[in-house]
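Have a look at these structures, which come just after this line.
Two complexes, one shared chain (chain A), two partners (chain B, chain C).
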Partner chain A sequence: MRQSRADARAAYLFLLPFLVLLVVFFGYAAVRAVYFSFTDYDMFSRPEWVGLSNYRRLFEDALFLSALRNSVVYAVVVTTTQTFLALVMAAVLNQRIRGIGFFRSAFYMPSITSSVVITLIFLWMFQRRGVINYLIEAFQRYSPVLGAFLLLAVGLQLVQVLIERSRGLPAGWLDPALAVVSLLVAGAGTWLLNGIGVVYPREVPTFDFVWLQTTDAVPAGAPFWLQAPLPLVAIMIQNVFTTVPTFMLMYLAAMQDVPRSQYEAAALDGAGPVQQFFYVTIPALRPVTFLVLTLGTIGTLKMFDQVAVFGNAVPLRSMVTLAYFVYDRMFPGASLPQVGFAAAAALFLAALTLIVVLIQRRFVRSEAV
Partner chain B sequence: MTTATLAAKAKAAGISEEAFRRWQARRRWSRAALVYAVMLFFGILLVGPLLFATVSSLKSDPLEYPPSLNIAQLDPRNWAAAARLGVAGARDRWFGGFAPGAVVPFEVRYFVPDGVEAAPPEVVVPRRRPGAGLGAVLRIDFAADYASVSDVRLVESQAGTVLDADGEAVPGTFLTYGFEITYEGEGPEVQRLPLDVTASPGVRFVGSTLAPTRMERRGRTASFDDVAPGVLGYVFHNYVRVFNEVRSPSTGQSLFLNWILNSFSYAFFRIVTSIAIATMAGYALARLRFRGRELIFILVLFAQMIPDQVLFISNYLVLRDGLIDFGGFKLSALWGQPGGLLNSMTGLVFISALQTATVFMMKQFFETLPREVEEAASIDGASHWQRFSRVVLPMARPALGAVVVLQFQGAWNEFFWSFVILTSPEQVKTLPIGLLSFRNTYGGIGDWGLILSGAVLSALPVIVLFFVFQRYFLEGVSFGGGKE
Partner chain C sequence: MRKAIVTALLLALFAGTAWAQNIRIMGYGGNDPAIVVRLLEEVIGDELEAEGITLTYEPLEGDYNAALFNALSAGTAADLFYIPVETAPGIIATGKVLPLNGLVDVDPFIDSLVEAYTFDGQVYGIAKDFNSLAVVYNKDLFDEAGVAYPDENDTWETFADKLRAVSALDDDVYGACFQPAYDRFGAFALAAGWQPFDADGHTDLLDPAFVEAVEWYASLVQEGAAVLPADIGQGWTGGCLATDQVGVAFEGAWVLGFLRDEAPNLQYGATFMPIGPSGQRGNMLYTVAWGVNADSPNRDAAIRVLEALTSPEAQQWVLEQGLAIPSREALADNPFFDTGTPDAEANRVVFQGASDGNVAPFAFGTVGTAWMNPINDALVAVLSGQASVGDALANAQREMDTLLQR
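Presenting the complex of A and B:
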């Protein structure tokens, strides 16, 4: 008994600095945010109680509705895309081969670099006469050559597999040995066709697409709630680029922990590689998938840095997110801060995050049972 | 695969077991080749933008279209010329300059098509300000005030042909003109020696001692930012500008240097405070029994899900009030900050001392340590503090290493709180916020050379750290996501 009382006293002392910070910068801050959300406050005069009117006004505010739409569309598109891509990339790379460590480090580079640096680099690439537009133009120009290459490769693969099969060998449609031959021969063939002038790059106009200084949204004719403004699409591309490697490494680590015996058992039951992937790998990865989805949702819903860095290069309404909306109402530039309004929006964002995470948890769990 | 099934499959295919084995080996090798190819592709996709931005940051105009990898700054002939000119200008082969007594020889080569009258080019040392923006109000010395250009003389004349746009050969003459730029009299050493060389109409610029920074007036004027740059001053032109041109208007100090120092000191204080607090809290949560333990643990998990934007409203006000405002007297006045904690490193460190994720990580780690050693120490009469500092902390060294590395990365890349707290003056900012003011000042006028070099420089420390302590970063992944 005395031991446990001494334990408790020591524990509180150990925790003291942490608890003070937690109480001031988390507890007090959260409570005050709730309080402010029911008041009208400009940081200088006294807060005035206004009840629920801040929350009501949120849904009449055009910028807030844009922010809500942008945040939700952004979170859904980015979380889905990056989870899917991370899974696919991990599946491709889940091979026991030498030198994987080197590539793993290389893949990780975008994730360790600061968001400001990556955003600046992407801002540069998305300029009207920037690298992205140049690559798209190059792709358009060389599309006939690329098409010829793909056609040749697919044709060669088809012919080779059919020949192997007629010999009785169990070659799959994507047989790697034959694929290497197909790709190499198709490459040489395309080069030849280009040399004798059968296939040649197309003349295309300069691709001068405006990514940033625009209020256009895609898909063009879709209703407001299903559209993504172009600058937001640029941020989506950037964010997928930076987070996919991290999530891919998480998947890769989990994949290498799946016991081999499960694959062997599945193989005995006659499951091919594709079936093994869907019936062994994916179910075994469920906990990681939950983690990836949760981290992805939390991360995307609080997207802020990119909006701040893009700044005046983009019309605010075309990229504002809920997180940035809160900041924008706290520091609206020329006018007085609208602290109550900002707090209401912040709490709305917190509630949205919690609800989505809880739904994901329930959904993934009930599937697992 | 067992021998029996192998034999059966070979038999089904109607070939010998040996041939079947070879067939399979061939497939294995090809698969490895394909996987390497795919990894290379992913690698180019993921590292490509960073590498391309790094290489482009050397260019005088990173927005050049079409973007090309043929960069004058990477041509060894220009390195040699830059070193020679740097020595001629200020006896400094690395950073060059223009010092009293300097005589800088320079040559320009033109092609004159037959039938065109060629006059010697016009050479001017322009009174041009390097860059605009932050620090542009500071007084600087202009090379134009001290330089005099000698007469331009014809050095060499040689008949030849060039190909025009349609691939037709055009006959004409190659003319090489030479001149010297001399520093007259006494004066300060000037950092750069800009030069404009304008050819007479109809002639074509072929080359010069050093490649021009840009061609102006439809190719008639070859404009040089610095004709006595030295090797580093030439290749890392934009990087030198980052440090030299971006200065505080009030003190004249290099802002970029200031931001680097701020980022390092922030990282240091954040590492120290967050580790001290998180190890103690993590230890208590992992090892000691007390009332409220579950509640605190739930709060720790919950706090990680709450967006910073919810908390920053109140926290901003708390820092503005210097923690507590007793009707005009702010608590932070006790340690000499009577104006509150906004725009100060202390405020930023206060906010970032609360690292719930690190507390969680330390708790998880302490739970993996064996209890026996601690129990033995406790029987020997060691107090809780002695057990913690003498027994547990030494065992926790590997975990602490990971925390230091991850906290450094977190501090170096920290954006939101610095963005809110550190707004003015420019000297108080950390690197990411400083880069943002770079972008606001130079993005509009398209001076991307400066922005990209700043970005590359600020990415370097974390990348170096990553290659040295890779495993800590990868452990960070398994602890849940790493990056926010």
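Presenting the complex of A and C:
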């Protein structure tokens, strides 16, 4: 008994430095923020108690409503997409093939690159004359050639497989040896067709899609709360690109912990690879899925840096998030800081995050048992 | 006896601090710390040291505004600090900026710069330097096109004709770069005779003068005589000029250093902004002032430092280093402006641009730079062909009204 109390004391002692930091920079600050959210504090005059009026004003502010919508849509879309893609990528990288280490490292690269740098690169890619529009235009231009190539390849493969089978040989539809022949011959055929002028790149107008400097939203006719502004879609693509690898790594680690015996038992019961994935792998990954969903939700709801880097290149309304809204109101520039109003928005964001995570926890845990 | 020694020591200590007063300065990061240090070493340092004043420059990296507000609120702000003109109303509203009336002689400074920092009859800042916009052009492209260089007699019509001639040279050559943002477009709106704020503080974006300016700006882009910087992979019109594919950029003296580094072989010239339909040029004043902390324990020394930093010698040095344009009227007849180099010519144009025609400070009351957002969104929509002038401006007016009511 005495021993354990001494242990506890030692534990608290080791925790102390962190606790002090937590109390000073988080606890104290959070309590102050709660207090300020009920006042009209501006950093320079005495805070006056204004009750709930800051919170009421939030919902009268058009920019706040845009920020709320953007944050929620962003969180839902990005969390879902990145969880799904991370799972798929992990399943792919969980194979025993030669050089898998290289692929694992290569796919992890986007996550170790600075988010500001990636955002800047994407900012360039999404310009009107950027790489994305250029690739789409190139695809449109060469679509006849690509189509001819695909048609030839599929046709050749079909013919070859049928010939093999007519000889009584067991050839699958995707037989690799035949596929190599089909692709090579299709390539040569397309080159020839292009040479004699049967198939040629189309003349297409410059693909002139404005991704960033626009107030348009997709889907075009949808109600306000279900729309995502185009610049936000660009940020979503970028964020999925950078965060998938981290979550992929978590899934990969968890997949390697799933006991082989479970797969063997499933195989004995007649489950194929797809059934094994759905009935063995996914249930075993449930705790990791909860972790990935929670980290994803928190990360997306507090998204700030991409908006800050995109800065003036994009209309504020089309990409403002709750976190950026707080900052924007805290330091409006040419007027005094609206600390009370910004604090109310910040607390709203905190409450929203907490509620969403609690709901997720209920939801995912009840299934896990 | 012992008491006497202690008193003497205390006195010596007190005298010591009184003799070596350290004045802290807060300003931007980037190049500014190096400039202030050199200014101190080469021009004003010795004089101040003789008076027992030393200086410490504390750069606020990142968001200057946020850092300054925090420092002012916490009581840790420096004795002297920068006041950017676009955020001046906010910084002054903190009540922590000392009114300089009667403490500093403001007469030698350019009137429009003093006015930009005058609120309710009190002057809160002395402009350390300033910039305005000039037409900076690529001489080779105009020679090749066989048209005269832009000059100070150009109206919008003659100017546009020259741009058309340059853009006719080749498909990827353009007469000018037009930024779809108020920070450059504003000069044209002012040249059309538009007022950013009326007597009641309202902004009218449907004013015929404003509409005319937007239409002129947009028509040149649509016919290919001008191009948006982003469409040729540039972020600003100075970047356009450095590509050798664009005839004209609208920038201040800050572009000179950039061109020296990025396009050292570019033959460029500079002239005044073209004359708009109002018969006047339009221009904007970009400036940063020195303000004195009202709570400074070394107020007198801080004011002395402010005077030294804005003295004719200091400003002449800053000008000759090619860093910025002096804010003193007397420096208008500066021999430096007549040295004949393109740099000196551009500096002269920027200096005189401050008092030629419809000139407004780059400041937007208590709304701050957010005031430009509705205009910028509308310009982007119109210049990229996403909306008509009428639709875009009606939309912008609605947003502007909500913004001004807030």
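Keep this in mind: the second predicted complex is superposed on the first by the 293 of 369 C-alpha atoms of A that agree within 3 Å, B and C clash if a C-alpha of one lies under 4 Å from a C-alpha of the other, contacts with A are read in each partner's own complex, and residues count from 1 in each chain.
In the analysis below, a contact is a pair of C-beta atoms (placed from the backbone, for glycine too) under 8 Å apart; a residue touches a chain by one contact, two chains touch by 3 or more.
The structure presented is a predicted model; accordingly, all values stated were derived computationally and were not measured.
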Once the two structures are overlaid on chain A, check if chain B and chain C clash or fit side by side. clash
In the superposed arrangement, which partner chain does A:A323 touch: chain B (first), chain C (second), both, or neither? first
Comparison of chain B and chain C by chain A residues contacted: B
For A:V24, is the partner it touches chain B (first), chain C (second), both, or none of the two (neither)? first
Counting only touches as set out at the top, which of chain B and chain C does A:P332 meet: first, second, both, neither? second
Where does A:I97 make contact in the superposed view: on chain B (first), on chain C (second), on both, or on neither? first
Go through the superposed model and pick first if A:F277 touches only chain B, second if only chain C, both, or neither. neither
Could you say whether A:P315 touches chain B, chain C, both of them, or neither, answering first, second, both or neither? second
Quick check on the superposed pair: does A:Q213 touch chain B, chain C, both, or neither? Answer first, second, both or neither. second
Considering only the touch criterion stated at the top, classify A:F44 as touching first (chain B), second (chain C), both, or neither. second
In the superposed arrangement, which partner chain does A:Y55 touch: chain B (first), chain C (second), both, or neither? neither
Of the stretches 260-268, 368-376 or 386-394 listed for chain C, the one clashing with chain B is residues 260-268
Chain B/chain C common contact set on chain A: 43, 124, 127, 129, 312-313, 330
Could you please specify the touching residues of chain C with respect to chain A in the complex? 63, 65-66, 69-70, 72-73, 86-90, 93-96, 180-181, 230-233, 363-370, 373, 376-377, 380-381, 384, 386, 402, 406
Within the complex, which stretch of chain A touches chain C? 43-44, 61-62, 124, 127-129, 210, 213-216, 312-313, 315-317, 330-337
In the complex, go through chain B and note every residue touching chain A. 9, 12-15, 23, 26-27, 29-36, 38-39, 42-43, 46-47, 49-50, 52-53, 56, 62-63, 65-67, 276-278, 280-281, 283-285, 288-291, 293, 296, 299, 303, 305-318, 323, 350-351, 353-354, 356, 359, 383-385, 388, 409, 412-413, 415-416, 419-420, 432, 435-436, 439-440, 443-444, 448, 451-452, 455-456, 458-459, 462-463, 466-467, 470, 473-474, 477-478, 480-484
The answer for chain A against chain B in the complex is residues 4, 6-8, 10-12, 14-15, 17-19, 21-22, 24-30, 32-33, 36, 43, 89, 92-93, 95, 97, 99-100, 103-117, 120-125, 127, 129-131, 134, 167-170, 175-180, 241-243, 245-246, 249-250, 253, 291, 295, 298-299, 301-302, 304-305, 308-309, 311-313, 322-323, 326-327, 330, 339, 342-343, 346-347, 349-350, 353-354, 357
